[in-house]
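Two complexes, one shared chain (subunit A), two partners (subunit B, subunit C).
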Partner chain A sequence: MSATELHIPHTPAATRQGLAARIWKSRIDYLFLVPGLLIFGAFIVWPLIASEYYSLLNWTGFGAAKKFVGLQNYRELLQDEFFLNAFKRSFLFTLATVPLQMFISLVFAILLNNKLLKLSTLFRTMIFLPVVTPVVVIAIVIALMLSPFNGPINGLLLDAGLFERAVDFLGSPQLVLWTLAGVFVWKWTGVTLIYWLAALQTVPEELYEAAKLDGVKTWQVTVFVVLPIIAPFAVVIGLISAIAALNVFPLIQSTTQGGPFFASEVMEVFIFRIAFAPSGGMVPQLGYASAAGVLFGLAVMILTIFQIVAVRRARRKDPANG
Partner chain B sequence: MADVALSHSSAITSRQSFLNPRRRRLITSVVLAAICIVWVYPLVWMVSASFKSNSEIFAGGGLIPENPTFENFVRAWHEANIGAYFFNTLFVTVGSVLITTISAALMGYALGRRPFPGRATLFGLMLFTLFIPQGYTIIPVFELLSNLGLGQSLWGLMLATCGHSIVIFTLLFAGYFSQMPKELEEASRMDGVGPVKTFWYVMLPLSKPIIVTVVVMQTLQAWNDFLLPLVITLANPALRTLSVGIYSFRGEHFIDWGGMTAGSTITIVPVIILFLFLQRYFIDGLAGAVKG
Partner chain C sequence: MSTRQIDGLSRRAFLASSSAFALAALAGRSLAQEVKNIDPSIAEKITIADPSLDLPPADGPFRWLDSGGQKGVFYRQFFPKYAETRGIEVVYDGLPWNEIATVLPLGIRNGSAPDAFNLPNGMPPAVAVAEGWVQPLDDLIPDLDAWKAGFPAGSFVEGVNVIEGKTYGLPYTSERRCSSLLLFSRKAMELTEFDPGPGAPLTWDQFRTAAAQITKNSGGSMFGLIMGGNQGNRWSANLVQLANRGGAACASSVAGCLSCVDYRTGEIVVDKDEFVEAMELLLAIRDDGSMFPGIMSLNAPQARAFVEQGGAGMILQGPWNVPIWEANNPDFDFGLAPTPAPEGKDGKTIVDALPSAANTMYVNAAAKNPAYAADVFHYMGTLDGQVAWGNVVGPSDPPIFPKAAEEAEMSERSKAVIALQEKQVRVSPVVYARSPGFTKVAQLYEEPTPNLANVVQGLYTGQLSGVKESLSKLKDAMNAALDKAITDANAEGANVRREDLVYSDWDPSVDYAS
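For the complex of A and B:
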């Protein structure tokens, strides 16, 4: 059904009514918005605007005076190796985790979607447990599991003779980001699994039955029938997962604080360090940190717009939703 | 064509004797069970370590402690202040759940069902802010709370915690309310009932599933939140939440793994119980994000 068929013509009286009159008529509706708008305005819209202003300041601490310096923070940031590396790391981390997480959870989802699989709810719950576990607890768990001193995983690797010496998964600058990417995938696969299961709900039951009657094998149904149907969802799921991977501050701050030697310092860890936890003798640079936040926010926004366009395109291509 | 189909089906029947659907399901179950046990093993191991002494934790024993002890819990609760942090977290969580749920329901109702001027603009603005990273907003949020005199208080933390997901929850409510039949409001209008009463007596009772979803999701969000409580309690350790408390515990007593795992166990037990009992609502809420 197209939108034009649904279009109900305005009565002339309604269109002629002034905006002020219509606002007055809806006054009670605005009352409903008050509490929500206060929160939305104070903690989302205002910070969005204020960040941009703060990014133009030389501002060393919350009590300190603010001095307008124009675009100087941005000019400095673009030459700051720590910033550029953190920026790069954030997107590298996202590129490493999103495809892996989407693939693993898709395999789980296809297996668990079988209604005859009696334990599928239990399995789903188990895969979901790391999701509800606070990140700081995950940090302690993996510090213990991956410890190079008698940690169980190193014990296993050494016993199996895979390595001669214990591997310092979180202490090696070469390994740390990839280790954390693996931990991140483990923690969040449960969420992506739920997304895929929701997508699989849109596949009509009759399709499976028709395929079974025709003697088509299960894997063939999955690859040639089910996957094309749920493919448009991949863009949305990819977007949500990418945003989550860019917001990885809690995991990294609580495991390595960006170390060792800044090897796991992603964007938000950089911002936090500059603004709230400057290393010995340095003053907090709130203007500089805000500028970094604005650039990062812009990058995320561009990525979001890019993906939303992709979603629209994917939906248009799909005749079922068109 | 018929020949192909025939040979195909005979191939299937010969395979079926060997790998019939039931047997295949059994194999899938066994493989999945093995994967899932490995998946949750680190968490189970952590809980088991909380009942072991520090020397036993790294002795490489099994999951069941040889000399189970509650000492870690006592030490964590009193000496590491996990007890106080527990009640801080509870206070912030309960308050933010109440505020968020009520605000999101009210705003969602107006957005989902009332054709007020500016509705489309508000929708657009909310969608636009859906994916703003927290690192972008933390400095102004802290500055705002400080200016309101709430920069060092649990009330400030509670209010700011409401900001995280208010947009998603409002959109969930709006989507749910907009699908309800139009007759509901027409009937109440005939009876001369205004929108406030309609909302309270008709709409809200019908939206119970979405209310539970929002309550569960916001509880987990507030309980597990990290960046915001970290920033607000930097200068005021007495206000720490469990997440920040466990994080600082690790910085201060970095060899007391028994105390750390005990504190962690105290932190995860409430959320895991909540999740196990109400997981359907949590999963519905997440699934709504993809379908919408």
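For the complex of A and C:
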């Protein structure tokens, strides 16, 4: 193919050509898409379709015997208290972590965005360090830190006289989910911080300078100038953070495995337990687990749609968008 | 105020490296514990016998997959020597059970499964045969009957590793293990008025008192008892084996449908007095303040480490602790005793079959190198292979040949554990042998949630209340699940009844030999 064929001018004559002809003319371009499409198809599209198909089966996942049961798995799930509780916990976890994570990271971002702050690189590094640390390592370290036997956090709480007895953060059914939420926020605040810092780059430098000339205080600049400008980003950051908070399998599996007695079992841990029966003693139920996955996926999709609508509304209100 | 640009990927790369190094250094001590017991000198003690059959040229590497752990410790030393002797390449993979459950079925489907493997947890061998995953050893191992005759009675059982008269599984390790031995720090036990040992078990009252005395007399630096509380199997094993000592005759190690069945009556017995009292014992130790704090976030290896480090005095765990402690900390002075028993009782620990189901190996029906799999299987079923295994693994997964356990080079404690288990552990009837249709029941059984491990954990944390009520509710759920599985299995031609679970001639104090 010659260079001229690759760079066809966008003329009315060209647009009148059939789709097949246009694709053929740009075949080299499309060829470059093939690897990506194959990977996307194999690892995203196919698993999605397969899990929907499996959800209609009574199937262990390893046997050839697959019995079509229609919507029976879905009907059973809606009456399965462990599924409903895991579902609820997933969203509670998200509700607890996302606002907290967004608020803390926003405060850090505003502070770190100030050139007058000394050692900001060091602080940014410290905040980002947990992000790049493997979850399994964090699980080990957190278990040691929070240990009611000789953990330093309990040591501090006891020395400060805040508690009379050590607190079993990861072993108490009442505390475990919130403790893990705290660990999650600590681990991922660095990522949200980067998003906020990126948002802060969109605030025009002239506004800071004008505010400075007018003698406006720093907090007033932040509240009345900066926050309104970066507010639309909150929806996108919230969406990304919410989806991340619904995907907490590695953290929970490597710390509590959903325990004690299911107190920290969120949806992904529930699905894993049913699909693979990792502790033995029960036969895996891949069909049932797939149905749970489909329902959970639908819920996340609905959440996403709400947030997309919110993003559009926010854009409409954004003066920068006219 | 002015803006600051965000730095690029180089910082991330730096952060990734530095944090990984920093935290790996922190975690390194605990992660390294499990591998320190590899002794390279052991490999020198492994002798590879001449081939047991005519070996054809290998078709690519000979591949072996199992669940690792102690098996990995042995095979990582065995296979290099084997490969060198036979002039082939060997690939050994030791994977966690959850990975075997995903990797193996995929491998079978796409033709990339290893030549020899463990079946996924909970998969009945009959299903693997029916699905065409595995091939019988009958045509692979020459003079199979003579080879099988070298194994102790009860090693080859219909429904367990023999299906419809053909031999499929290699049963090379014994399930005659007590996974809730009382293991204790001698320094801690000196704080009590007791001196337990292999021939001197504690009573339940003494056990509770010892836990309280360790906690009190150590001045708060040590707790009496510890468990790996976030591992469900530790709760169920400890409860069942405490109940066994009180006289409950049922196994804790069986998977799924036959869990906690007393074959004298064919009934599920999880709410009998022995179970209720065992649970109340654990709760009493908790309420005394003698249980190590934070056990719900500890797994079994972490709990074991706290005993070695002096944080806890006693633990109920299996024989695998012995070689690990001896290798990791030769100066750690510890003792062992049978699971505590109620006053005046001396019940046996029950296991569901002599061969360890978790270690049984099978040959892939589509193996590229079945002859080499058969060659290794044959070796592991000889005294030489069994002694080599015993030399490396010790009492953790005892060789199935009692003579090999005697001849293997082990510490005094390891020998004591094996002797204790020979005396303490008994094999129950194997239902699959008399009623092969129960393999279909096992396949269709849907274990109720919560299961026994969950219920014990829930009672301990206070999320469930009423020991008797909770265990009765569990028993009802288990009965309902079993009855449903039997009905479903019969609909597929299994031809089984609940009455098939009754072995009125079974005496739990001896191995069931029929």
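As a convention for this text, the second predicted complex is superposed on the first by the 302 of 322 C-alpha atoms of A that agree within 3 Å, B and C clash if a C-alpha of one lies under 4 Å from a C-alpha of the other, contacts with A are read in each partner's own complex, and residues count from 1 in each chain.
Everything below uses one rule, namely that a residue touches a chain if its C-beta (ideal position, glycine included) is under 8 Å from a C-beta of that chain, and two chains touch if they have at least 3 such contacts.
Small disclaimer: the values here were computed from a predicted structure and weren't measured.
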Item to complete: Kindly say whether there is room for both subunit B and subunit C on subunit A in the superposition, answering fit or clash.
Response: clash
Worksheet item: Touching A:109 in the superposition: subunit B (first), subunit C (second), both, neither?
Response: neither
Item to complete: Using the touch definition from the top, say if A:51 reaches subunit B (first), subunit C (second), both or neither.
Response: first
Item to complete: Please work out whether A:276 is in contact with subunit B alone, subunit C alone, both, or neither, and reply first, second, both or neither.
Response: both
Worksheet item: Regarding the shared-chain residue A:248, is it in contact with subunit B (first), subunit C (second), both, or neither?
Response: neither
Item to complete: Could you tell me if A:237 is touching subunit B, subunit C, both of them or neither one (first, second, both, neither)?
Response: first
Discussion item. I'd like to know which partner A:173 touches here: subunit B for first, subunit C for second, both or neither.
Written reply: second
Discussion item. According to the stated criteria, A:32 is in contact with first (subunit B), second (subunit C), both, or neither; which is it?
Written reply: first
Item to complete: Kindly classify A:62 by the partners it touches after superposition: subunit B alone (first), subunit C alone (second), both, or neither?
Response: both
Worksheet item: For A:137, is the partner it touches subunit B (first), subunit C (second), both, or none of the two (neither)?
Response: both
Worksheet item: If you count the residues of subunit A that each partner touches, which comes out higher, subunit B or subunit C?
Response: B
Response to the item:
Clash list for subunit C against subunit B, restricted to 81-89, 99-107 or 279-287, contains only 99-107
Discussion item. Output the subunit A positions appearing in both contact lists, the one against subunit B and the one against subunit C.
Written reply: 62, 112, 114, 116, 125, 128-130, 132-134, 137, 140-141, 143, 147, 149-150, 194, 197-198, 201, 276-277
Worksheet entry | Interface residues, subunit A side, partner subunit C - complex | 60-64, 82, 112-116, 120, 125, 128-134, 137-138, 140-141, 143, 146-151, 166, 168-173, 194, 197-198, 200-201, 203, 205, 208, 211-212, 218, 221, 255-257, 259-263, 276-285
Response to the item:
Within the complex, subunit A is touched by subunit B residues 5, 8-9, 12, 21, 25, 28-29, 32-33, 36-37, 39-40, 42-43, 45-46, 49, 57-58, 60, 99-100, 102-104, 106-107, 109-110, 114-118, 122, 125-126, 129-144, 146, 151, 159-160, 162-163, 166-167, 170, 194-196, 199, 220, 223-224, 226-227, 230-231, 234, 242-244, 246-247, 250, 257, 260-261, 264, 267-268, 271-272, 275-276, 279, 283, 286-287, 289-291
Worksheet item: Tell me, which parts of subunit C touch subunit A in their complex?
Response: 1-6, 11-12, 15-16, 18-20, 23-24, 26-27, 30-31, 96-98, 101-102, 104-105, 120-123, 127, 131, 223, 229-233, 255-256, 259, 292-298, 302, 306, 311, 442-447, 449-451, 453-454, 457-458, 460-464
Worksheet, complete the sentence: Listed in rising order, the residues of subunit A that touch subunit B in the complex are 19, 22-23, 26, 28-40, 42-48, 50-51, 54, 62, 111-112, 114, 116-119, 122-123, 125-130, 132-137, 139-145, 147, 149-150, 152, 155, 186, 191, 194-195, 197-199, 201, 215, 217, 233, 236-237, 239-240, 243, 246-247, 249-250, 253-254, 267-268, 271-272, 275-277, 286, 289-290, 293-294, 296-297, 300-301, 304
